[in-house]
Structures are given as C-alpha cells and as structure tokens.
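Same chain, two partners: chain A is paired with chain B first, then with chain C.
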Partner chain A sequence: MRNDRVRIFVGRHRNILVAYGVMLVVVILFAFNQADFFTRYGPQSIFNQIITLCIATLGQTLIILTAGIDLSIGNQIIFLNCVMATIMQPIIDLVGNDGLGIVLTLAVILAAGALCGLLNGVLVAYGRLQPIVVTLATSSIYIGLARYVRPEPGGEVKSEFARLMTGRVLEYIPMAAIVLLLVIVLVWIPFRNSRSGQALYAIGGNETAAYLSGIKINRAKISAYLVAGVCSALCAIMLTAQTRSGDPTAANNFTNNSIAAAALGGASLAGGTGSYFGSIAGAVILSLIVGLLVFWQVSSYYQNLIQGLILVLALSVNFIVHFVKKRQAAARAAAK
Partner chain B sequence: MGKDVTNLGEQTVDREYLQMEHISKRFGGIQALDDVFFSCRRGEAHVLIGENGAGKSTIIKILCGVVARDTGDILIDGKKVEINSALDADDNHIAAVFQELSLIQELSVAENIFLGHEITGRMGRINFKAMYSEADRFLQEIGIHINSRELVKDLSLCQKQMVEIAKALYKKPEILLLDEATSALGEEEVEWLFEKIDQLTHQENKTVIFISHRMDELSRVADRATIFRDAHYITSFTWGDLTNEEIVAYISGKKDSGANVMKNHPSSDKVVLEIQNGAHGDDLHDINLKLREGEILGVAGLSGHGQVEMLHALFGHNPFDRGEMLVDGKPVRIRSERQALKNGIVLVPEDRKHEGLLLERPIHENITLMALDKLQKFGVIQGKKEREALAHSIEKLSIKAKDLNLTANSLSGGNQQKLVIAKALLTDVKILLLSDPTRGIDIGTKNEIYRLMHDLAQQGMSIIFLSTELSELILLCDRVVVFYEGSIVAELQGEDISEKNILAHAIGVAEDLAQDAPSDSDREGAQSDEK
Partner chain C sequence: MELRKTRTVKGLVSTSGFRVVVMIVLLYLVSGVMMPTYFAPSHIMQVLVLACFLGIICIGQTFIVISGGADLSVAYSVTLSACIFAQLTKESGSGILGFLAAIGVAILFGAFKGFGVAVLGIPSMVMTLATNAILMSTTYLYTGGVLKGNATDFVTTLAKGSIFGIRWCVIVWVVLGVIAIFILRKTTFGRSVYAIGSNAQVARLSGINVVGVTIGIYIYATVMMAIAGVLLVGYLGYPNYTMADGYQLISIAAVVIGGTSILGGKGSYLGTMGGVVIIYLIQSILTILNIADAGKDIVNGLVILAILFAYDRSAKMRV
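Moving on to the complex of A and B:
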C-alpha cells in the first residue's frame, strides 16, 4: 500500500521532479557566479529576479489547465503597470496620505486586473470562442489602452513603496519572497482546493466528461481567467515597484515566458495537468538563466537563442526519461 | 418487492415509476426518436433492445440530460420533471454509466468518483484526504480492488469501466442507466456487475435501465424489456415471455434465420505468419504462433491477459522486444506501424472512436486515409482512383451513409466500425488483425461483419480475430488460441472449440477440469451447460 502510494506519487509528478532537478542545477550555477549569494543580499536579488515571472506563470497555469492559453498576460501586465504609475500620485494627492493612497492604488489595480481577466473569461465561456483568438484580440486592446493611459514612459511611483516591495523585512527576509508565499497561500491553494479549481483539471482533462459529471463549465472557466487577471495585477504591482515607472513600450516577454515556464513545470498545453509547484520551478529556471547569461557576459542578442535552446533541452528530458525507461524494461524482461 | 404490495391500493408493484411519453428527437436530418413511449417500474431491471440507431441510446441520453428532447414529457412517480442538463438528472437521482467513458484521464480514481460533488470543509476547501479514504472505503464496499489514488489514465480499459460504474453507484441513484456498460468488461467483472444490478433492483428497490447487445447476458438479469426499431417503440414484455427468435424478429422487423456456422475455410498449408518465442516487457512471453493462408485464427482469454498486446506487437505498435517474426517464411523486423503495413499486416483497433477514426472528418477521408500512397500520383490524390476505391468499399461493406461528406461522427456505431474495416481493407492487406470488431454494435451489423470475415477468408486472406464474445469465436474460427497471464496456454481446433474449453483455459483451470471431468459443478461448467 505504501509502495503503491510512492509509485503513484512519482508517476503523477515525474515532470515536476525533472523541473526541480533542472532548477537545482541553475540555482547552484547561480550561487557560484554571484559573489554575494550567501549574504542577505543574495536571496533578495534572486527573489526580485524571479517574482514577476513566477506570479505571471501562476496565472497562466490556471488557464492552461483548462486547455486554454492566455496570450494577453504580457500586455495586461504592461497596461496595469502604466495605470499604476499614472494614478498613484494623483490618488495620494487626493486622499492626502501616502499609505492610504498607495493601498487605494493597489486596490484599483487588483480590481482592474480582475476585470481584464473577467473580460477574457466571459468571451471564452459565453462567446464560445477559442481562448487563443480571444486573448490575441484582448491583448491588442490592453496594449492600446496602455498607450492611451501613458503615451510616453514615465509616471510617478513613491520610492518608499518601491523600496518596501523590493527590499527586505526583518533584515533577512526578501519582501518578494513574502509576496510569492502570500500569492501561493492566499490565491493559489484556496483556489486549487475549491470546487472551481478542481473543475479546471476536469475541464482540461475532458470537457465532455466534465459536463456529464454535472460541472458548471462556464463558471469554472471564468473564475480561472479572473484569478489569472488578479495574478497579472499582482505581477504588475511588483514590476512597477521594480521599475518605478510605467512603460507602454517596454519589451515584455511575460506572455511567452509564462507559457514556457508552465510547460517546463510539467503543465500540459493540452490541459488537465499542472501545478503551482511545478510552474514556480519553471519560472525560476527561466528567470535565473537570464541572470546567468548576464554573469557570463553573453550578449543580450543571444539571450533568446540560449533561453530557447535550454527550453528545448529541458522539455526533451521527459522524452529521454521515457526512452531510457523503455530500454530498461526491455532489458529487464530479456534478463528473465 | 413485497413491501409495495402490502402498501395497499394505488401503490402496487405494477405502478409505473418512470414514464416517458410522446418523446421525439431529431438530429439534423435523422429522426432518432419518433413519438416514443417508455415506462418502467421500481425494483426492475429493464433492458432496451434494438439495432444501433434504433433509438435506445438516445432514450438514455435524454434521461440523463445529455441530449435535450424535442417534444414529450418525462414523469417520475407520476410527477412531471424537467431534465435539460446533467445537473437536472442529478437532482432527479438519475445516474448514468456511459459507453464512451466519461472519466477524466489525468485525475485520480477518487477525484473522478467525486467529480462535481467533492467533499468540502471550511470555506469550500476540498478535503482530499477524506475523499481518498471515502473512495477507498466505497470501492472496497462494492468489491472493486483499485487504489483510489491511481490516475485513471494508468488503468486498463476494463478497470476504467469499473470506475465509471462506481462513480454512478456512488451517487446512490434511484434510477441507474447503463449504456453498453459490459462491453469493456471481462467475464468476472460482468458477473460482479450483474450481482450489483440484482442487489439494486431486488433488494434496494431501485430501477436499472440498461442497453446490451449480448443476448446471453440479458437473460441473466433482465426483468422486463422494451424493443425499439427505426426510432419507434415496438413493444414491451416481461423477460421470458418471448423466445429469442421472436425477439430477433421484432428487432429486425423481418424473420431472420441469424448466422450459420462459418468455419472450415479452405486454408492451404502455407504459413503466412509465424511468431517464435515472441515477448514484450512483462506483458507477453513465449508467444509461438502460426497463421495459415485463408484461415481465421481466434484469440481468446479474459481481458488483460495479453491478447491486445500481442495484436499491437504484430502491428508494430508496441513491437516484440524478443523473438522471431516470419512473414511468408522470411524473417522480418517490424518496429513500426508502417513496417507492418509494408508487410501486409493491418490492425483494426478496438477503440474505434479514438484509434480508428477521424471523427470530425468526412467519411471518404476516413476510408482512404491508410491507402493514400496508392491513390496518389506525384503527391496529388487522384480523384478518379479515389472515387473508384470509395465506391468499392461502400459496396463491399454496405456502409449506410447518405453522403460521404458527412463526418464519421454522424454514423451509428455499427457503420463506424465498418468504416474502420473498410479503411484497413483498402491497403494491400494480407493479414488482417481484428481487435474485438463487434464490440458494442448491433446484431444485424455483427452478422454482416461475420459474413464479411468469412468471405475474406475464403478469398485467401488470413485473419487474426480477437474477441471477448465466445459465441463468435466458436462461430467463425478455424483455430482458437487462448491467452492466460501473457502467454498462449492452449490451441483449440475443430470440435474442441467450445465455450467450456476456452473458459477453462482462460481462467487457468483446464487441468483441474480434465482431472475431475465428470463433475461439472463449478461456475464455468454450469454456465456453458445453460446453452
């Protein structure tokens, strides 16, 4: 019975184990290259590098679970980033209190993110349109809105806020780590463990079967897009704190990287498999590789190339594992 | 059952519990049900009989909310109910076990059983621990030995079907619908299901409505039956009131003598295929087999003993990893499906919907799919050749389709199976592997397929015929090999091909039986005696 459980667990999470193996290698390489890795600045720098992609990937994973895909995540984040950098100072002026103004700004951004997600979700669920088409269209809308809100890069972000979000708490704990933990504990886990969350796996696995089991398909799908929208907002908040401005022209790889990270973390783009656990590993790998390339002074022209190669390699690990297992099984049988 | 009778007056056993009146349903141009009546009582196992396309499945689908009826009323216990979705069916305590599995492959057994009805604790949090222990307890209780943490995709087809049944049973339905639920089960599991049905109906006073094409099964469990033909209600009767011949007559609408014995094909001594010591992983070992020209070789055994694996190995899908394979006396290495095709070996897979057809593509594309190499010139498909090939296939297999541009999905199960066979026959096939080709199709089409196999064998084609129905093996096969735990334990010929012999080898008790031959007291013996 115990053995059974271990076997089933490993079978179910093999992709994730591979992702964590790769992540370990990347982190170790990183540790060797970063001089202050073992000081209090080390974790801070690492978490600041990974936080935005981690959160974006968590949102993307929810949608991928339903066998959908969100091509608008990157532009959603840029849009919310522009809004945030633009409205923060006016709101602070309006309420006349820094703290309250910032909290109000965050609330507005979160609500706006939820709305963006809701729009995607409603179009997909009730419009019966394919997610890839819907999010391609809304992606243009979001970047258009971003340019409307902020024709030029800029805006004002309170430096206290920026320092708080990118700094450390109690001397050692990076704020970004706390944010990531909060996102997992307050957003992902409760949602995953709700009926709607469970329904995502069912829908992605086999939508007809899910329907036959009495699952409310539309509600579950919309909730996935909505929560993903909230994740985009959280990502935008961290991004704004890091860049201290809103930039509609910023090159952003969030869409591509979040999809790649989810796939690296064991999510299947056919739907039905994936987890926060794996996706975070995927996001960490992709973020830190960029850092490594900087350490190694690889020209930024080649970053994409190398990132892509590593992605292909990591994804083929599963294939290799499968192949080796097959050979072993054959050898075992022959030995009998 | 006695309870109801003593309940006086209007509450007698005969009171109809479920009534469906004036039910009609059209799918596009096809009338699936035409002003149909159906009713059944509490504590009754009610079977729906009819050819594929007669309307049985549609009745079931309307009852469980998958298909919306066009007209008509549904009454439960005399009260009108609305069933327009799977949720409505739940509310009315109707649960269904589907022919096409409604399980989510990537989820565990427990997650599937509880799908949409998860055990939740505070703030809607799913309590997975409770779900697993409850699922394990329930599976144990109903006698299914599967770990509820297992992912459904890792289960065998038979186990999946069991989980599907468990999922429906867990809802404690008042009305249980079984649409071809036994077609994927082995003999043992069918036995188990029948006990369950008996318990549900006769002890717990629930209603079970089911569809099956296996007559021998029906007589074991059915209390009453309703026959449909061409979307119409024909008659209802208490099981036993009609003879098999009468039932067949009602089903087909004409007096049909049924199938005659079709063996003894003029097989030459030429061996077209030989396997020596074939093995694959832990699934197959010591496979020794000779197939002669123009012969139908049956493959029997309980499900999961290696029969399907052997067919897959022959077709290069999961090739043998040891042993020799000879085609026409020459050693060949078959490591892929393409190599198998080159050697004239074609498999008609058992899962026609997923492995056999492009459901969303037109009929004609499905038929020519494997033969495109033959029909093309410079990479362009030759319209004339294609049309000829199609016309030939359609006629040979009498596929009933209004328009070849309709999708494969629009055909009935029997015609879909014919499509898969037609597709295989368009290739340069010399050795045809059939994996349970009559699974879940109606008696009429079954007979057509038997006739076709017989004809093909007479024309010199060699056929390996895997079947889960002993009667068709006995009907058609010149020889039958029986599988047990991954190897061939018996090769039966001529008079020896009998239900009793096959079963005895399939469950590994052949020696026991041979020793005390006179006492036919055990279960399998009794079964074959019934005939």
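Moving on to the complex of A and C:
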C-alpha cells in the first residue's frame, strides 16, 4: 500500500522531482566552487542571480496553465525597466522625499505592469485571439514603447534603493530571498487559491468543459494575464535595482528562459499542469548553470548549448521511463 | 470546404485567401497613393526581394504550424547555415562544398528537432527553443567568435542579379514556393502534415507514420531556413550573428496573417506568401511615414493585432 502511494506520487510528479534532482546537483556543485558559499555572502549572491528569472517564470507559468504562452514577457520587463529608470529621479524631485518617491515609483511600475498584462488578457479573452499571436504583436508594442521612453540606455536609480534590494536584511537574510518569498506568499498562493486561480487549471485541462461547468473563463484568463503582468513589474523592479539603469537594447532572454524554466519545472504547454514549486526549480537551474560555467572557466559559447541540452534531457525523462517499462514488459512477456 | 465556399459570392468573401488578396491590394494602393513612385514595377520588385528571404523561411514555418507546432529556432537555424556556408567556402575554396555542408547540418538539426517532438514527446515550441540555444552555441563554437568568409559570385548573383527585370532570388522563392504548395496539396506527405496537425492520435490510428512524417517536416523546414541563410549571405555579402533575429517571430506572424491556423491542421503556403508580402507592404508604408524605430515597432504590433482581429478570431463559446 505504502509502496503504491510512493509510486503514484513519483509517477505524478516525475518532472518536478527530476527538476529538483538537477537543481540539487547544480547547487551542490555551486557550493564546491564558490569560495564564500557558506558565508552570509553566498546566499546573497545566489538569490541575486536567480531572483529575476524566478519571478518572470512564475508569471509565465500562470499563462502556460491556461494552455497559453506569453512571448511578450521579456519586452514587458525591458519596457518597465526603462520606465522605472527614467521616472524614479523626477518623481523623487517632485515629492522632495527619497523614500516616498521610491514607493510612488514602485506603485507606478506595478500599475503599468498590471496594465500590460491586462492588455494581453483582454485581447486574448474578449478578442478571442490565440495567445501566441497576441503576445507576439504586443511584444512589438512593448519594445517600441521602451525605445520611445528611453532611446538611449541610462536613467537614474537611487543607489540606496539598489543596495537595499540586492543586499541583506538582519546581516544574514538576502533581500532577494525575502522578495521571492513575498511574491509566492502574497501573490502566487492567494491567486492560486482564489476562484480564478482554481479555474486556470480547469481551463488548461479542457476549456470547453470548463465553460460548460459554468466557470467564468474570460475573468479567469484576464486575471492570469494581469497577475503575470504584475510579476513582470516585480521582475523589472529587481532587474533595475541590479543594473541601476534602463536599457532598451539589453540582451533580452526572459521570454525564452521563462518558457524553458517553466517547462523544466514540469509545466505542460498543453495547459493544466504546473506549479510555483517546479517553476522555481527550473529557473534556479537555468540561472545557476551560467554561474557554474563561469567558475569552471568554460567558454561562454557553451552556455546556451548546455542550457538547451539540460532542457531536452530533463523533458525526455517521461519518454525514457516509458521506454524502459515497455522493454521490461516485453521481456516479461517473452519469459512467459 | 474551401472549394465549396468559392461557388457563391458570400462564400468567396469569407475565405481567408480572399481576405489576404484584399489586404494586399488595399495596402498596395495606400502605399502608392502616399508615394506615387511606389506604383512602379521596380518598387514592387524591391518589396518582393525583401520579402523572398522571409518567404523562404516561412515555407518551413508554414509546414510546422500546419502540423500543430511553432518553430522558435528560426534565428539560428538560418544563421548557423549562413556561417557554415561562408566559412567553409572560404576555407575549402568550393562554394558547392560550403552549400552542401550547410544543408547537411540543417538536415542533422532538423532531424534533432523532429526527434525531440515526435519521439521524446517534447512540445514543439520548447524543443525548438532548446534547439535554438544549441544552434547558437554551435554557431559561436564553429566560427570561434570571429566571422569568416563572404558570399561567392554565384550566390551574390542569385541574391542581387536579375533576368528580364526579375530578380533571381524572387524566382528562387517562387520555385521553392510552388514546390512547397505541390507537396502540401498533392503528396501523401503533405496531406499527412494536415492530418497530424488536426489530430496526431487519429492520424496515427489511420496508419500515418507520425514519427517519420514529423521528423520529415522538421528536416524540410530547417533545410528551407538554411537555403534562406545562404541567400541572405549573398544579399548582405557576408554572414552576421544577428542577421536572422528579426525573422524569428515575424515568420509566425506572416504564417498566421496568411490564414494558417496557429492551432494546426488548416492553412496553405500560398496564403503565407500573401502574408509575407503584407508584412513588407506595411514596412514600406512605415518607411514613407518616416517615423522613428520606436514608433515603427508600436505601429507594427498594432497593425498585426488589427489584421488578426479582421480574420483570426475563434468562434464564441456557446452552450
């Protein structure tokens, strides 16, 4: 009985388990290579490396749950990054108080992110268009807006703010870890448990069936895109704190990496499967691999190759398990 | 379905092909009214020359989208082949060898994509995303970070030369396009592409070799992208790491604007050719308006949305 339960659990969560297995290996390798891993600087540097992709992936996961895909996340983040670096100083000057100015800036960015998400959501839900083509079109709009706001890289970011967001609280706790925890506890879990959040899984499983059971599909979809937009804003805030500038020409891998990380963490592109738990593991793997290669002095040319291979291998697990089982069954049949 | 529709006027208007033609004529007239020189045949040829590279890339994208996927590895499928062609041609002194190597590598990576999708069961978009990363690394590792080589005379003539006022590259596009249309409409392979896109499970149960056909689709698609890459080298004169970045997403847009369903199972390459032309007509109008790059991106996005609204909406759900 117990054994069966374990087997069912493993069968159901195979992808997430694989993701955590790989993540464990990556983190252990990291611990061996990073000299100050076990000091208070170790976690700080790790969380700063993973935080942006983690938050972006959480947003992407919500969209993937509805059987959609968001190709505009990367450009949303760049757009919000440019806006933030541009408006922070003027707002501070306007209110004449650093703290208040920064809080206002953050509020504006979160609202702008929500608006970006809302636009995607309304086009998908009420426009009855396919998410992939909608977000393809809006991503062009967002990058255009980013170039409009900030034709040249630059802008001003308060260094106190940058230090706070990338630093530590109470000597030991990395701020990025607190932000990640807050995003999960205050954004993801409440939304997941709300009526719309529950509906996402039903919609991803079978949209027609969900519609026929009286689920408000449009409302659920729009709220998923809206929350994903808020995630983009949070990611942009952390990115701006790290880079201390706004850059419309920045190499922009958030779209691709967030899709890859979500898939790595067990989210199915067919919809209905996925969780913050798995997605974070996916994002951690993809971010830390880059650091590991730097430690090992591997040419940066290999970075994408290794990320791509890990993705393919991790997603082949279902096939491999299936293949081995089939072989075993065939062997048993032959033995009889 | 489509055939029966064209028998009545109302039915004809409702076909996606009709809408594509109307869109092209309208955009052409608008651009011509704004800039009378755009009515000249030389300008039409100019638009077609710009369109032919995306057009050839979109042969692959159309096959993949009809089969129910989407290829996000366009950027480096094109670039790797272009780099291999230019560098190997320079090193070996033989353009034919360079071309064959570029096609050979495309076949290899196409088979890899198809294997991942059909055998390993990885979703098309994720598999091609991963392949794009691998292709990108391969490009940098092969070139060692320094781009070498340039176009051969033959390829330069193909990309820039013309016969009877028609540019060779446009002829190449049309020939490859006609072959693609023939394959999709008249061969078992082509009909299997539609069957897999409608419902892979049903296709398999009806005796279609889904694994074989899917791998075939991705090989064919990647080879088309490689040919576009070689032609682009001829057009630009030399390869470039970011030469195909812009084609990645716009290729999906062109396919969808051409009336192919992103959900798979429906569409045609003739429609895609129209979609590609529409995209470049929009570009030429944006050039006349002479707005900054930022504005171009925004207008581009808005126009694609408007076109999608015009004819790619799904039916409203009803009880």
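Just so we're on the same page, the second predicted complex is superposed on the first by the 311 of 336 C-alpha atoms of A that agree within 3 Å, B and C clash if a C-alpha of one lies under 4 Å from a C-alpha of the other, contacts with A are read in each partner's own complex, and residues count from 1 in each chain.
The criterion applied here is as follows: contacts are C-beta pairs under 8 Å (C-beta built on N, C-alpha and C of every residue); 3 or more make two chains touch, one makes a residue touch a chain.
This one's a predicted model, so the numbers in the text were calculated from it and none came from an experiment.
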item	value
Contacts of A:190 with chain B and chain C, given as first, second, both or neither	first
Touching partner for A:211 - first (chain B), second (chain C), both, neither	both
Partner chain in contact with A:259 - chain B first, chain C second, else both or neither	second
Which partner reaches more residues of chain A (counting touched residues only), chain B or chain C	C
First (chain B), second (chain C), both or neither touched by A:219	neither
Chain B versus chain C as contact partner of A:145, first or second or both or neither	second
Touching partner for A:127 - first (chain B), second (chain C), both, neither	second
Which superposed partner A:201 touches (first chain B, second chain C, both, neither)	first
Partner chain(s) touched by A:302 [first = chain B, second = chain C, both, neither]	second
First (chain B), second (chain C), both or neither touched by A:272	first
Contact residues common to both interfaces of chain A (with chain B and with chain C)	208, 211-212, 268
Of chain A, residues touching chain C in the complex	69, 71, 123, 127-130, 132-134, 136-141, 143-148, 151, 207-208, 211-212, 217, 256, 259-260, 263, 268-270, 299, 301-309, 311-312, 315-316, 318-319
Interface residues, chain A side, partner chain B - complex	1, 4-5, 8, 11-12, 190, 193-195, 197-199, 201-202, 204-206, 208-216, 268, 272-273, 329-330, 333-334, 336
Chain C to chain A touching residues, read off their complex	70, 72, 116, 119-123, 125-127, 129-134, 136-138, 140-141, 145, 249, 252-253, 256, 262-263, 292-302, 304-305, 308-309, 312-317, 319
Of all residues in chain B, those that touch chain A in their complex	64, 66, 85-87, 89-90, 96, 98, 101-108, 111, 115-118, 120, 123-126, 128, 147, 149-151, 154, 167, 279-282, 285, 321-322
